[in-house]
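The two complexes that follow have subunit A in common; it is paired with subunit B in the first and with subunit C in the second.
Let's look at the complex of A and B:
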C-alpha cells in the first residue's frame, strides 16, 4: 500500500495545479480533431524541463489520460474521433447526439471513461510492483529479447503491413545506433554534424508525431473542418450516472477488455475500444440496438479506451518497454530527468513514481468532473481553422525541439524525421514501431553486447541467447506475434479479393 | 492499385532499399568491427526487408499505402516549402521569433479559407500571429529561459 503513503504529494499546490492544467488542457486538445494524445504529450515534454521529475510526469500523465477521454467530444458531436481510440465511440455516440441526446452521450462517455480509467490505474498500482520484483530475474539475454519483442509486437500488430511494420522497427533500431559507440568509442553513421552525438529522443518524438500531422493538414488545402457541431441540450448528471450503472455488462466488458489489451505491448486504445464494442454487442440481448444510438456502445468503447491507459504503463515502469507510442513518449519524459524505468524504479525513485501513478488516479476523477461541464464548450475548439492549428503545432515543434539542448541540430533532426515520416506514412509505414525501435535500440544493443561478453566467457552466444525458459518464451511471443499478423493480413487480403470479385 | 501509386511505391521503396543496402554496406566494411556487431545484425534484417518491399513494389503487389495524389501535392507544397525554409534556414539566420512570425503569417495566409480580398481577414491574421508570438515569447523566453539565436532586428 505504498501508493497511499505518497497520496498527499498529489495535493501540494504546484502538483495539483499541474494536474488541473494537464486535465483541462488535455480535454480541450483531445477534443481537437487532428491532435492525437501522443502528439500532445510529445509537444508538452519541453515544458517539463524546468519542473521536478514528478511534477513533469504529473502534467504528462494528466494530459495523456484526458486527451484520450476528450477525443470522445468530437467523436460524439462532430463524428470525427479526436484520437484513434475514440473510433468506436462515434458508432453510437454521434447517433445519440443526432437524436438530441448529445449531453447524455457526453456524460455517459466521461463517467464510463472515469470508471474504466480508475480500474486501469488500480491495475497499474497493484500489478507494477509485483512485475517489477519478477523483472529482477531478467538478465541481459532476456532484456535483449524483451526489447526485440517490444519492437516486433508493435511493428506487427500496430501496422497494416507486417513487413512494413518490421521495416519501420528496423529503421528505428538503426537510427538508435547513430553516434558514438559506448564501448569502443567509434563513430557510427555520422553523416552530418547534427547527429554526431546521436539522435536526441525528444526532438525525434516531436518530429515523428507532430510534423506528419502538420503536413497532413497542409494537404487538405484551404478548407475548414467540414463538420457540423451539434448543439448540446441540458441533461441531468444524476440520470447519466444511473444510466451507466444500469448497464453493468457493457461497463464490465469495456473495463476488462481495455485492461487486458492495455497490458499487451503495441495493442493500443483503438483496438481496445473496437474489441470492447464488438464483444459488448455480441453479448447484449439488445444487440440490434447497437449502431442506432445505444448507450451501451458508448459505455463499452469509452470505458475500454481509458481502462487501457494505466495497464499500458505497466511494461514501461517495470521493464523499460513502452507498451504504446504514448508510453514511449512518457519514457522520453522520464529519461530527460535522468530516470531510467525498470525493476529498481520503485525502490530508487518512489517519490517520483508513486505521486505520478496517484495523480493518474485523481486525474480520472478530475477528468470526469471537468469533462461533464466543459464538454459542450470544448467542441468549439474544432472551429479553430486548420491553418491556425498547423502553424501553431509547427511553431511549438520548432521551439520545443530547440529548447531540449539549445541546438539547431535538434531542430534539423526533428524536421528531417518528421518530413520523412509523413511520406513514409503515405506508403504504409507507421511511426509507432520506428519510435519503439529508436527508444529500445540502446537497451537492445547494451544487453546484446553485455550478453555477448558473458557468452564468450562462458557457454557461447548460441547457448546463451537461446537457452532458458524465459528466453524461449520471449522468442515464441516474437514469432507468434509475427505469425498471427501475417495470418490476419492474408485473411484480410482474401476477404478483400473476394469482395472485389463479387462487386 | 493504379499506375501513379505503383510508380510512387517503386520510388519510395527504392529509396528505402538504397538506405538499407547502404547501412548494411557501411556496417560490414567499417572498422572497428566490434563497434558494428549490433548494427550488422539490424542492417541485415533492414536490407532484406527493404529489398523485399522494393521487389513487391516493382511487381505491383504492394497493398498498403495510398501514395500522394496530384491534388495532395499541390496543396501541401507551399506549406512544405515554408516549413523547410523556416526550420533549416530562417530560424537560425533571422532569429526564432522573427522567423516564426513570418512563417506563421505566411501559413495562415496560404491556408486560410477566408477570402484574401477583405481587409478584415488580413487584420485578423496579423492579430493571431502577434498573439501567438507573444505566447511563445512568454512561454519560452520568460518562463523556460530558452536562449534562442540572435534576432536579425535586435
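Let's look at the complex of A and C:
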C-alpha cells in the first residue's frame, strides 16, 4: 500500500499545479493532430530539467496519460487519429459525431478512457513483478504470430467485404516495405527522396483518414449550405456514465485486451485499440451496428488504449528496458536526475516513483473531469459549415504532418496517400485495414527475419516457430479468427459499399 | 515625470545602441539549430539536449541551440538532409561515428566524411559484450570456446547493421577467427538488450551506458569492453585486448557536433573554439554523469584525425562484407 502513503505528495500545491498543467496541456496537445504522446512527452522533458525529480515525473506522467485520451478528440470530431492508438476510435466515434452525437461520443470516450486507464495503473501498482516476466515472454516467434493475428483482423475491420479489406491490408503491407530494411540492410522502393526513411506512420494516418474527408467536404460544401447543418444533441453526463456501465462487455474486453497487449514491448500501444475493437465486434450480438456509430466501438477502443498506459511502463520500471518510444522518453526524464530504473527503483527512490505512478492515477480522474467539461461545447465543431471545416482540417493535416519531422517530404506523403485513399474509398475500400497493414508489416517481417536467423543458428525454423505453449496459443487464436471470418462471410451476403450495407 | 520619460528614452537608446554594436557582424545573431538524426528520447537526442543546454550563456554562444529531430533509416535521413542543408552556420548537426562513416562506405546515401566539417566531440560510448545474468559464460574465453565448438551457433544481438555494435561484432569475428551469428534488432539497442535478458540470444553487443544500467538492475553480466582502455563506469570489466583479442576502439560510438561542408571558415573557427568549452561546463558534466553517459571531449583537430582513422579502418573491415 506504498502508493497510498505517498498519495499526499501529489496534492502539495506545486505538485498538484504541475499535475493540472500536465493534464490540461497534454489533453490539448494530444488533441492536436500529428502530436503523438511520444512527441508531447518529449516536448515537456526540457521543462523538467529545472524541477525536482518527482515534480518532473508528475508532469510527464500526467501528460502521458492525458495525451493518449486527448487523441480521441480529433479522432471523433475531425476523423484524424492523433496516434495509431486512436484509429479504432474514428470508426464509430466520428460516425456518432456526424449524427450529432459528438457530445455523447466524447463523454463516453473520456469515461471509458479513465476506467481503462485506472485499471492499467492498478495493474502496474499491484502486479509489476508478475507482469515483468510476461513482458519478456514475447520473443521474435511470439511477436511474429501476434502480428499474423493482427493481419487476420484486417479482413473484417470496417470493410464492406473481406476481399476488399484484405486487398487494402496488402496495400498497407506493401507501403510498409518502403525504405531501409533494418535487418538485411537493403533499400527497397525508394523512388523519391521523401520516402527514403520509409513511410512515417503519423503522416500516413493523417492523410489516409483526413484527406478523403476534406475532399468529400469540399465536394458537398457548395451545395445548399443551410440544409447541411447538423443539430448537435446535448447529452447529460449522468446518462453517459449509465451508457458506459451498461456496455459491460465492451468495457471488459477493451480493458483486458489493452492491459495484456500494452505489456508487449514495441507492439502494444499501436494495435491495442484495433484488436480490442475487433474482439468486441466479434463477440457482440449487435456486431452489425459496429462502424455505424455504435457506442460500444468507442468504449472498447478508448478503454483499451488507455489501459495500455500503465502496463507499458512495466518493462521500463522493472527491467530498465523502455518498451515503447514514449517509455524511452520517460527513461530520459529519469536519467536526467540520475535515477536508474530497475528492481531497486521502488526501494531506493520510493519518494519519486510512487508520486509518479499516483500522478497517473489522479491524472486519469482529472483528465476525465476536464474532458467531460469540454465535451459539450467541443461537439459543436460538427456545426461548423463544411467548407470552413474542410479548410481547417486541411490546415491541421499539413501542420500535423510537417511537425513530425520538420519535413515537407512527410507532407507530400500525407497528401498523396490521402488523394489515393479518396478514390479507393469510392470503391468500398477502407483506411483502417490499410493502416493496420502498414503497422503490422514491419513487426511481422522483422520478427520473422530475426527468428529465422536465430533458428538457423540453433534449432531450425520449424522447431523455433512451432514450439512453446505461447506460440501454439497464438496459432490457435489465428486459426479461430480466420475460421470465424470465413463463417461470417458465408453466413451473410456482403454488400459492395458501406453505404449499401447500412442502408 | 518629464525627467523620468527622458531618462527612460535615454536608457532605451543606450540599450539599442549597445545591442547594435554587439550584433554587428557577430555570429550568431539568432538561435542556432542542431539536427539530431535519431528520434526524441533516444540516447543521442537525450545527450544532445544536455550538452547544448548552456549554449545561451554569455561565455558560450550567447544564443540558444534548438534541437531538430530528423529520424529514419538508422540516421541516414537526417544526415542526407544535413549534407544538403544551407551552410550558413545556423544549421549544425550531431554525428555518430562509426555509424555515418560506415553507412557512407556501404553506399546508397548522399554523404561521406567530405560532406561535413567536424566542430567538437562530446561523448564516447564504447560497445560491450553482455550475457544474461544467469548465463554460463563468465568471460570472453567461454563465449569463444562455445562458438568454436558450435560454428555459426553463437547467437548475439545488436542494434542493427552498419552501427557501432555491428562493427564490434565484425571485429570480434575477425579477431577470434570464428563464425558467429549476429542478429540485428529492429528495435535498436533497447530491443537488443531485451533479447539478451529474455534469453532469446546467448549474448549481445550493447552500449556501455545501457549495459551499466542493466547490470545495476541485475539482469546482465558484462564480459568485455570493445575499447583500448577500461571504462571508469565499469572498471572491473577487462577490455577485449586484455583478454587476448586484437580489437581496437573502431566501434566506440563517438557523438559530437558538425556543420555541412562549405560553411564559412570564420564561423567554423568560432564554433570550434566555443563549443568544447560549452561541453566542459560543470552543469553539463554533472547531468551527463548522473545519466550514466560517458563524456569524452575532443577539439576539432582531434575529431578530424579520428574521422580519418575510422575511414581507413572501416573501409578495410567492411571490404570483406
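The rule we apply is simple: the second predicted complex is superposed on the first by the 268 of 503 C-alpha atoms of A that agree within 3 Å, B and C clash if a C-alpha of one lies under 4 Å from a C-alpha of the other, contacts with A are read in each partner's own complex, and residues count from 1 in each chain.
Here is the rule we use: a contact is a pair of C-beta atoms (placed from the backbone, for glycine too) under 8 Å apart; a residue touches a chain by one contact, two chains touch by 3 or more.
What you see is a predicted model, and the numbers here were worked out from it, not measured in a lab.
In the superposed pair of complexes, A:419 makes contact with subunit B only, with no contact to subunit C.
Contacts of A:332 after superposition: subunit C is touched, whereas subunit B is not reached.
With both structures placed on the common chain, the touch criterion links A:341 to subunit C but leaves subunit B unconnected. In the overlay built on the shared chain, the residue A:321 is in contact with subunit C alone; subunit B does not reach it.
In the superposition on chain A, contact of A:46 is made with both subunit B and subunit C.
Contact with subunit C, but none with subunit B, is seen for A:197 once the two complexes are overlaid on the shared chain.
Applying the stated contact rule after C-alpha superposition, one finds that A:171 touches subunit B and leaves subunit C untouched. In the superposition on chain A, contact of A:392 is made with subunit B only, not with subunit C. Once chain A of one complex is fitted onto chain A of the other, the partner contacts of A:448 are limited to subunit B, with no touch recorded for subunit C. In the three-chain superposition model, subunit A touches both subunit B and subunit C at residues 46, 49, 183-184, 406. Taken in their complex, subunit B has these residues touching subunit A: 8-9, 12-13, 16, 19-20, 23, 26, 30-32, 34-39, 41-43, 45-46, 49-50, 52-53, 56, 62-68, 71-72, 74-76, 78-80, 83-84, 86-88, 91-92, 96, 100, 103-104, 107-108, 110-113, 128, 132, 136, 139-140, 143-149.
Those residues of subunit A lying in contact with subunit B across their complex are 46-47, 49-50, 160-161, 163-164, 166-167, 170-171, 173-174, 177, 181, 183-184, 186, 188-189, 211, 214-215, 217-224, 385-388, 390-392, 394-396, 398-399, 402-403, 406, 408, 411-412, 414-415, 419, 423-424, 426-429, 441, 444-445, 448-449, 452, 493. Against subunit C, in their complex, subunit A makes its touches with residues 38-39, 41-43, 45-46, 49, 136-137, 139-140, 179-180, 182-185, 187, 193, 196-198, 200, 265-266, 315, 319-322, 325-326, 328-329, 331-332, 335-338, 340-344, 405-407, 442, 446-447, 450, 453-454, 456-458.
Interface residues of subunit C, counted against subunit A in their complex, comprise 39-42, 45-46, 49-50, 53, 68-74, 76-77, 80-81, 106, 108, 152-155, 160-162, 181, 183-187, 190-191, 193-195, 197-198, 200-201, 213-214, 216-219, 287, 289-293.
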